[in-house]
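Following: one structure in structure tokens, then a few remarks.
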């Protein structure tokens, strides 16, 4: 390209420069993964064994015991017969359409991912809410986590950790965790200052303020974050299956390549059903814990 | 499978039934799309022409004019020199690394998608907040939109409308619109009832309450929804490129198949940069409009 | 007051308000006479109001008082239908506002009523000025149309200079005044004021009271006013309603409430009132008093009341002074009374006792009460005054 | 009061509070004497407090009054450092609380101070009972440990039965009482009360006032009390501070404020006070009065004051009645005074004027003031009383 | 020239060779046949679906037909698609591969018997006690042949488990990870590809190639008794819509000629890999350096036009 064309063409890096730049970086990463891959991989071993154990448990236990246990949990959390009945029907339908095993696999990995996202996300959200400094550092990271295409980091992760559950869990968490962090932060920041001041005046420590006032009052917003995190986690099921995570994602992929829409749709619906179950149970549980909002319905 | 094995195996549909079930549905959809595809496609023609025109405009206009226009818009919306400088630097970097044209393509389609998501999403969120009935209908739809794997509905959409921009826009909007709907709903429902009561007492109509009280007070939460919508829209860039949307998603896909991490990373970063620009500009704009929150920092 | 036949503006009939999940079910229990505490303990429902029947006349200041939690705010919220009653009728200007369609209800709220909220109810996202202009802006007026008016009301409530602040930057009393200015700015015919002055200091408060009285007198607004301050109630109120546990215990003029309480509750309520400030001379004076008419001793002798040791002397211009029997005895028939009378001022029937106590303390005579036509209508006896002050 | 040397519990020195973006920059302007309005107009900063110097003594009830927006709430928030001053020192028990590290500050707030907020500051997500127990639960007490106490305080403020409600289900005054109970439940040494009774009806209010006085007398709590109600201030306050535009205008005893206001502002402020209720006999009586000592005419003749037409008669048991010169003249030296005396009751120096006005109205004599040792210490002249009541 | 050619859309698939051919076609059709070419990104399935149902894009330059065999066959019979040529004349090469360094270490693993013998040298990614075979991603037709062969070879009895990598990317990732760390790897792959250009891999020898068995049983889902056979070359076609064939016979005739030998393609891919070249860069490089090859695909007139176009680049 002629040099004088900068008026119409962007004066970009020459191909050669760009090439060597890319090659250097690629090489560096390759070296890094060669060097430290095993060490890093071994860090995740406990998690991996847990994941495998949990999946085996769900699959090898007879379906009606699993079904009973799930229903029990749902009822315990929500105290709602209607919801429990809905869960029963959808799980039976899933089983009837022959997706029981895949659903159990997805259930096992998504449960772990969601719980981990919430367990990691809420403290980070709290940190962000309490320090403007932390917020200004974390926000761009969250932006990157949400918009950097999973494909870009999946391959490096696979190179580092191999295919399978661990990179799957990492990918899902990276993608699913930002909403709960962001909305925890927002919820806490929106808490009424007068109420907080009252707590301070009575000598509440930072953590008493947090657990006694800020978190309870931020609950509706945090729950919206958890809802989004659950949605994102389940939206990632297919992407996770691209790097060898078994479950409902695989039939979806298969159906795409072969244009079996109904197969895809059925498995997609099973994913949706899981999402709705997770979401409704968590939301009902949270709502039960917030008696003061009775009458008004958030969410 | 033996019939007596229901204790351990889920008594599912027989393969044959399942197969004919699937085939019937698949066939029906195929027929439908052959019959009505053209009609439906023509409905989208105006949008398509606009998308093409807009993309052409961004690409064929000399880069420094586009750059100037973008910076002007950013400064106008945010009144922040710091932010404008950040945008300048990232756009220059994008150009320098040779991603100007792809970025412009992505910019054009994402701008349209985001604006459409917001324009459609906020009214739906409002509707949801005002009627419990609407909420109970819309919520599961949103769940489906967010968790049904894009791949499942992309192929039917492609069958109906071919590959290209329109199915891309549809896919992006389906995926990106739920957060803004959900958080608009939440924000409005969390508005203080006393303030609302005061408006009612002075004879505010439904729409005066909405625009004068509920929306302004729900702003921080709605902005969190818009933020998430922007993030999701940009997260879909790669998926969209699988069905013929040009832009930054394509090099990302290529980099995966070829394992060029740096290429993927650079293009991924360009996507992230766009996300951050969109987000920060909208957030700063919204914050400027909420002087009463000065001092306290949400988001 | 109370003498001229005023027409009825607001009429409340058989109003019940029960808070809880299934108010309709509890209603019968309440109608059967279950007490508020019992209902709360047994059903978890709170009785807000029970069987309220009430008229508010056009142009009066109607004060509502009662214990905290007795249902005052609940009652006032029914006037503009911010809450719907569990049972009962609300008529404004003869129209049942429960039947109003949404659109007319909105119009009704815009033009008929303005409200000051107990917790202020300001809009945190609007500046002070925009808060004050809210009622007008909602009617469709442009900012430049309502701004002068809003500014002037802000000035009236003493908040000039705070136009661009936000409510969160104001003190409690300042916020309350913004709420006040917002209500006054709308030109509504009826003002609903829920403890509108409770956060104000005495100086601003009495200014505001004057303002309110002036408004009512010049513009004939109807004002419904909740207050806990008895002195305020007595000063402002044409009539006072006393609520207890959601029931209407007594409705009457200030004097009625102070002097003729219907039960112990109202008595206790009125006990602490500064009677000297609450009662006027008219309520205490002894009527039909004899007087001496004339300017000469002769005339005085003729009309001097027999069994009294002194008398009030009037001529055709009015009250002149007090003449004792002793002085009269020492005078010739032909003497003029000039210079012979004791100088004890007269008082008007509508003067507050507070103002006349010093007079009474300073003399050992009764004090003559003279109306605006300069006619003697009674006298104030120190002992009676003492009785009223220490019931 | 004021007589015993009490030690100083809270000391405030040179306190400034300026609200806005760059308070430190505006500080100098304020120190140079720019007025609050000027500062607001020129810099957009609001002057909350300027140059406050103040001592609060241990065990006293210290009342803060002032116009709405004069900085009362701002001042009281400094006592427990809810806001940090722009300049100045706050010493509590000799310790500079600006220097306290976070942990000790928390301990200090837990054990030293409890606060009632003007806007209540209740926790919407906690039940009424949990709100009341908040201060204790935060100290680490278990619910079953604090529950009896919280229940009993709820009972005291008249909210038994409402334990399980949420604040949003209560009326304004009920919410305020929950805030009150919460503060009282903590056993803190210092109570900060920001318009703590403003939303209460007169009955509950006076109960609460009694409660407060009892608390202060039995437990020697130090109470800082903001109120707009002068009567309340006079009733409760050992000392009263008056603020204006963030400046301390006067600090003094109630009588000081009413009788010796330092400027027009305080005068205007005190004008409306019910003096009959605010002042005691001691402030009005004429001291060093002569008396007649003895039970016989002889003794009376000896000590009868010369230029007076009547005298107060005492025997060794105390006050007996009034003896007029005329009566004395009509008696024999040997007569007993029994039955000859006029029956006019005596009064105590700490009685409120309110109580003695009827007495004074019912007699034409002065009234003797007798202390608790039954000694005559002065007399109350009707004319002086009249003067004080109508300044 | 071919005035009716008009505007043409070419599917620009996201793997290297396909992208290269697409760009090459673009250059030649534009400069040689006066077409107005637009490249449309898309992966295999989306592109075919759209071609069948919507007649767009016009050309899919490199289609591995095995992966969507049914759909293509049906569409060809319905006269919706036309097969122009075999893009890779030798066909694609499929098979089970092991890294060269493994063969150096254990020469026996070049044959399937050796692999079975050394099963313990190929650990499963999620379990130490099992061996792993990285199969074809879910949904690809090769998964059927993979599984049939897996069964035929009794790999399960040898302790192997079929690992589904989920996607090509997953498969690639597992291979590069192993190769970069010189770790064992055993799985399905195909050529010519960038990866096999980059990494030295050895195709495991199964013995004979039985085309008959392969088409009737190995590739069929309901094959009951699969036998061992090497993969025969896999057809890789340039496919156009039938409508395009009729509309632009000139351009179509070029497409019928255009075909690559695997060797040529491999070396080209290696060059692109080394230079991280994109399709366009690769196409230009090819046009400059391989006149002998491409000039056979076009007539003289067109060749002249192309050379002129190259000169003005």
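Here the chain labels run A, B, C, D and E in written order, and each chain numbers its own residues starting at 1.
The rule is short, and it goes like this: a residue touches a chain if its C-beta (ideal position, glycine included) is under 8 Å from a C-beta of that chain, and two chains touch if they have at least 3 such contacts.
In UniProt terms the chains read A, B = Proline/glycine betaine ABC transporter permease; C, D = Quaternary amine transport ATP-binding protein.
What you are looking at is a predicted structure, and each value in this text was computed from that prediction instead of being measured.
When the partners of chain A are compared with those of chain D, no chain appears in both lists.
By number of C-beta pairs in contact, the leading pair of chains is A-B. Chain centres were defined as the mean of their Cα atoms; on that basis the chain farthest from chain D turns out to be E. One simple way to say how far apart two chains are is to compare their mean CA positions; for chain A and chain E this gives 35 Å.
Spacing of chain C relative to chain E, judged by their CA centroids, is 94 angstrom. If you average the Cα atoms of chain B and of chain D, the two centres end up 64 Å apart. Within chain E, residues 45, 49, 169, 172-173, 176, 276 each touch two or more of the remaining chains. The residues of chain A that reach two or more other chains are 22-23, 151, 154-155, 249, 253, 255-256, 259, listed in rising order.
For chain C, residues that reach two or more other chains under the stated contact definition are 119.
A list of each chain pair in contact follows: A-B, A-D, A-E, B-C, B-E, C-D. Interface residues of chain B, counted against chain E in their complex, comprise 33-34, 37, 41, 154-155, 158-164, 241-246, 249-251, 253-254, 256-260, 263. Interface residues of chain E, counted against chain B in their complex, comprise 12, 14-16, 19, 40-43, 45-47, 49-50, 53-57, 168-169, 172-173, 176, 194-195, 273, 276, 278. By the touch rule above, chain D contacts chain A in their complex via residues 80, 82, 106-111, 113-115, 117, 119, 121-126, 134-135, 138-139, 166, 168, 182, 186. By the touch criterion stated above, chain B contacts chain A in their complex at residues 7-13, 15, 18, 21-23, 25-26, 29, 62-64, 95-98, 100, 132, 135, 140, 143-144, 146-156, 175, 178-179, 182-183, 185-186, 189-190, 193, 220-221, 224, 227-228, 231-232, 234-235, 237-238, 249, 252-253, 255-256, 259-269, 271-272, 274-276, 279, 296-299.
Residues 44-45, 49, 67-68, 70-71, 125-127, 134, 137-140, 163-167, 169-170, 172-174, 176-177, 180-181, 275-276, 281 of chain E are the ones that touch chain A when the two sit in their complex.
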